[in-house]
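Next come two complexes, and both contain subunit A; in the first it sits with subunit B, in the second with subunit C.
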Partner chain A sequence: MSAGEVVKEIEGKVVELGGIVESITETAVFVEVPRERVRELADWLYNSGAFLKTCAGVDERSINSKFAVYHIFGLDEKGLDVVVKISGLEGEALPSIADAVPAAEWCELEARDMLGLHILGHEAKPRHVLPQDWPEGVYPLRKDLSYDYRPSGNAEKFSEELPREVGLPIGPYHPILHEPEYFELYVEGERVVDVFYRGFHVHRGIEKLAESQRFTYKTIPFLAERICGICGFVHSSCYVLAVERAARIEVPERAQFIRSIVLEIERIHSHLLWLGIAAHILGYDAGFMHMWRIREPIMLLAELLTGSRKTYGINIVGGVRRDMDESKKKRALDVLKNVREEYKKFVEVLTAVPEIVKRATGTGVLPKSDARALSVVGPTARGSGLKRDVRKDYPYFAYKHSSFKVPVYSEGDNMARLLVRVDEVFESISIVEQLLDALPKGPIAVESYEIPPLRKAVGTVEAPRGEDVHFIITGHGRPYRWRVRAPTYQNIPALKVMLRNTPLADAFLTIASIDPCFSCTDRAIVIRDVRSGSRRFVGLFEGRRYASR
Partner chain B sequence: MYDSIERKVKASIQSRVGPLGLVRSFLQSWFDLAKLLSKELVLTSYGIALITILELLFLAITVLTLQVFILAPQLQWIAALFLTFLSISSAFSLLRAVCLDNPFSSIGAFREFYITLAVEGFFLSSLAMMLLLEGSVMLRLPLFCIVALSCYVLSGRTPFDIAEAEPEIASGVYIELSGPLLAIATYSLHIKRYVLAEILSYALLKLIGITSTSFALLVVLLLTPITWIIFGVISVMLGRTRVDVGPITLLKVMLILMLFVFISMLLMVRQA
Partner chain C sequence: MQVDRISSPLKLLTIALKTGRVTKKYPFGPPLLTESFRGAISIDPAKCWGCGACVLVCPPNALTMRFEEERAVLEYFKGRCIFCGMCADVCPASAITVTKEFELAATNLEDLKEGVIHRLSTCAVCGKPFAPAAELRDVMKMHPIAEEYANICPECRKKRTAKAFGLSFGANI
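Then we have the complex of A and B:
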């Protein structure tokens, strides 16, 4: 069935359910359905092979006096996004689709926390994103709440006694978690039987900040790049892609090539970084050191091409700010040739170390069915037999000009995810070489553009950790709503499946195997850091109480 | 000093620089200990401090008795004393980890316990036989293998550093130690590694039958740093084992080696 036929079928289904098709673009179909029929449509889409990418709650009271939730589905095989809108007045209940599409639970809970939406079925669940001492009735993403709002804090809430029994607390400052997150592992002997996760400790308010007067369309790419310290360019690319799609800006081909090249360089250094860390977790520090040694020329290459080792700052709406000349191309090709040779030699050693093979094989298994239900992304999906890769499924920038394979392993264990990343480094090196060879001449940015308000678009970019999603509703001078869904956000729920029955020693490799980037995930709101000493620490164990409810 | 050299050698294998300069190449571990000793003392319990100090004390006595035995191998009661002190210091190490009220330390303690269970009995008995008995090469060889393997395992290097396992259990048995107490525990570990390296060096002399020479102690003292560095180099090549794999594998290897020992002993008895 062609994409056009699929769109017709979706239109037919939406009309059948009493909804309307708002708009159709090359990459997405935007529909609105009556809220009582959304579950039916979600069920139909999910059973038609769609993955849920995320959902976004939006305060649209200034437009139509309503709140809305946009469920973003992706039909990977057709390269088409289906954005399903439901809306309701303040206080009206909106249905959940989490029972039909389990991957929707987190984003629905987030919409409930951030906008105060009444989502059926989630009423009794504890706060997901907001801290436990956040004031009642204050919803950060409502338009009438200023971006610089600071809650007074209520340290007294943390004065309860510590629970006498706790599982094994992993975090928020554990050597294996390089960012503050909290896992509580329940163990029998050295076998994990259950796991509780509490995230969102590092709230930076990036979505809210972008809607404030301090930012404009032109400056947000630099903010977006700061979502993550490893794959920041992915976020700025995803943002500009969404804006360019919304405003229908034709970006010069040379700029598209440069973006793809830098994205692949980012993927290479991210995977090399992860492989080193995986070796370190397994006690093979020589692997850690050598992998990072091999990574270093890639960092220098990034500096050569963009001017910075990290946080390149070259993405702007309509193109890029920095060009590549012939001498840089030649040096880049030399570096890539050397890196490939060294990497190939060392990977053979790494994948032959007995402890690594034994401990990564058969541990942290994520079956394909669970991977599908949770709509996991990136190497986590590809390690469980799902052939999902935005670069192939929804071609963007210059990827259509390069030939590459999408490595897929069906075992679903830590070794499979490791091997996916090992293979992807080779593919990325090849992509960069191909794109450098074929780099077209021409301008690197459009001279001028206009961004009409209230246009919607979805930008998706394949980050090293998987699909990154940015959803935009354009506004005047800046987005009306900018929703960021990092790949880790989609993969963390899968850890519950992966960690069960895993030996404790391998639990840390399993957590690391999704290559979690907590800073990407925890970008949601502005909170005040209430420095209340040990009382604050008590809050960490609140998860234990919720887990036992 | 040997630890500093080991770090420098490991660094060169891992494409790192390691401790900078000639002085630090030999004395970096001393600088580290001095720094730790200068930190504030945080005691979670006085008992832990006492156990940590006693562990160091018994290890120090163990080193001294070992030197005396190597000088005068005919005094077999010193060997018995040495083995007793070695066992006591090992027990203190376990006790310290078990006594700490921290889940990571408890997990580390159990891991150390499994490793000790898998190795210590075979190690002490084989060492005693090597030190006290004269036998054929057929007997000495499996005994030497047991001692060599045990010395490596008990030195707490990868793949058998599961009790510490910093990335997994946040340094496990050391998690509650800091400042001067951590310095003492670290120094104890260094001394333990020295004792084990020296034991293996002596066992090597015993294997080739030259312990009776008057230069035995000198040869052992020269061999010990080499043994230490070899241990360090081996550890660079390997990853960490898992608690349900490592101790069981060790136990199997030990049982096979002990079988060879018994066969050799039976052959000796038959010949006699």
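Then we have the complex of A and C:
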């Protein structure tokens, strides 16, 4: 079936359910359905192969006095996004689609917390994003709340969350832990029986900040780049892609190539970083050192091409800010050639070391069915036999000018996810080489552009960790609503499946195996023995102690 | 197979021996930067007009413009700077250059601040200070036609226009 026929079919279904098709663009279909029928549509889309990307709650009271929730589905095979809107007046209940599409749970809870929406079936659930001491009835993403609002805070409330067992209340806010994220593992002896996760301790309110007078379309790429310290360029690319799609800006081809090249360089450095960390967690520190040694020339290459080792700062709406000349191109090709040779030699060693192979094989298994239900993304999905890659499914920038394979492994264990990343580094090096060779001439940015208000667009970019989604409703001078969904958001719920009934010693690698990058990564783990009721707090890297026992 | 399992990890030894030492003798030895590196910016006070274009584009508000009595202060706070170089891109006077300076640590917060102080020129009608003198001087150089009203503050200019407009319709002002 061609994309056109698919759009017709969706149109038919939406009209049948009493909804309307708002607009159709090359990459997305925007529809609105009556809220009581949304479950049927979600069910139908999900069963016809769509993945749920995310949903976004929006306060549209200043436009039509309603609150809206946008569910963003992606038809991978057709490269088409389907954005389903439901809306209701303040206080009106909106239905949940989480029972039909399990992946929707997190984002619906987030919409409930941030906008105070009444979403059916989620009333009794504990707070998801907002901290426990956040005042009742204050909803950060409502437009009438100022972006610099600071609650007075009520520290006493925290005691409610503390455990009944004797335990030191260290973390999630402990300053010496890497980052404040909180896993509570319930163990029976050495076996993990359940997992509790509480995240969003480092929620910085970036979405709200971008809607404030402080920022404009031009400065937000720099803000977006700071969402993540490792894959920042992905976020700024994703933002500009969404804005360019909303405003229908034709970006010069040379800029598209440069963006793709830098994105792939970022993927190489990110995967090398992860492979090093994985070796480190498993106690193979020689591997960690050598992987990071190999990574160093890539960092310098990024600096040569963009001006900075990280947070490159070259993305702007309508193009890029730094060009590459012939000498830089040549030097880049030389660096890549050396890195490939060194990496190839070393990866042979890494994938043969018993410490790695034995610990990674068969641990942290995520079956394909669960991966599908939770709509996981990136290497986590590809390690579980799902062939999902935004670069192939929803071509953007210059990827259509390069040929590459999407490595897929069906085992679903930590080794599979490791091997996906090992293979992807080779593919990325080859993509950069192809694009450098074919770099077209021309300008690197459009001279001027206009961004009309109240246009909607979805931008998706394949980050090293998976699919990154930015949803934009344009406003005056800055986005009316900017929704960011980092890949780890989609992958964390899968950890529950991976960790259950596995030995405790494997938990550390398993959690790391999704390459977690909360806003950014945080890694505190609590181990609680179900029988004795004792608690211990350990950092992720301390897991090595368990490995050596 | 068994031999392979033992010998493969040992290949690391040959890799390590061949690579040798990679640790750099920083801060001695050759610089670690490439020619594209963007570090702290430097503002040339002789060229700066005080127009504030850089303040408008600065994403983290590292550049701020403060108006005091008879002067305007353009302040650069390195502690907030993200080294994007947008200010250098937009500067109409090419007063801002991106340097390769990155060793910026200081023991005193004030050491991270730099500023350019501009004298404000006063309005020819009401006598209030209103715009950096350097900006007026350079605007007049670029657009000589602006000379007759450039030394009047926007407030008085508005009044004058309104008055002229009113008079032309015969209003009694």
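As a working rule, the second predicted complex is superposed on the first by the 500 of 549 C-alpha atoms of A that agree within 3 Å, B and C clash if a C-alpha of one lies under 4 Å from a C-alpha of the other, contacts with A are read in each partner's own complex, and residues count from 1 in each chain.
FYI, a contact is a pair of C-beta atoms (placed from the backbone, for glycine too) under 8 Å apart; a residue touches a chain by one contact, two chains touch by 3 or more.
Given the structure is predicted, the values throughout are model-derived calculations rather than measurements.
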Combined model on subunit A where subunit B meets subunit C, clash or fit: fit
First, second, both or neither for A:322, with subunit B first and subunit C second: second
Partner chain(s) touched by A:198 [first = subunit B, second = subunit C, both, neither]: neither
Touched partner set for A:219, first subunit B, second subunit C, both or neither: second
Arrangement angle, subunit B at one end, subunit C at the other, subunit A at the vertex (C-alpha, nearest 10°): 100
Subunit B versus subunit C as contact partner of A:388, first or second or both or neither: neither
First (subunit B), second (subunit C), both or neither touched by A:346: second
First (subunit B), second (subunit C), both or neither touched by A:53: neither
Touching partner for A:71 - first (subunit B), second (subunit C), both, neither: neither
Which of subunit B and subunit C A:304 touches, first, second, both or neither: second
Partner chain(s) touched by A:372 [first = subunit B, second = subunit C, both, neither]: neither
Smallest separation in angstrom, by C-alpha atoms, between subunit B and subunit C in the superposition: 5
Doubly contacted residues of subunit A, that is, touched by subunit B and again by subunit C: 286, 290, 293, 353-354
Complex contact set, residues of subunit C against subunit A: 4-5, 8-9, 11-12, 15-16, 19, 22, 33-38, 57-61, 82-86, 89
Residues on subunit A engaged by subunit C in the complex (per definition of touch): 214-215, 218-219, 222-223, 226, 286, 290, 293, 296, 300, 303-308, 311, 313, 321-322, 328, 342, 345-346, 348-349, 352-354
Sites on subunit B touched by subunit A in the complex: 13-16, 103-104, 107, 158-159, 161-162, 165-171, 236-245
Subunit A to subunit B touching residues, read off their complex: 166, 168-169, 174-176, 190, 279-287, 289-290, 293, 353-356, 358-359, 503-506, 508
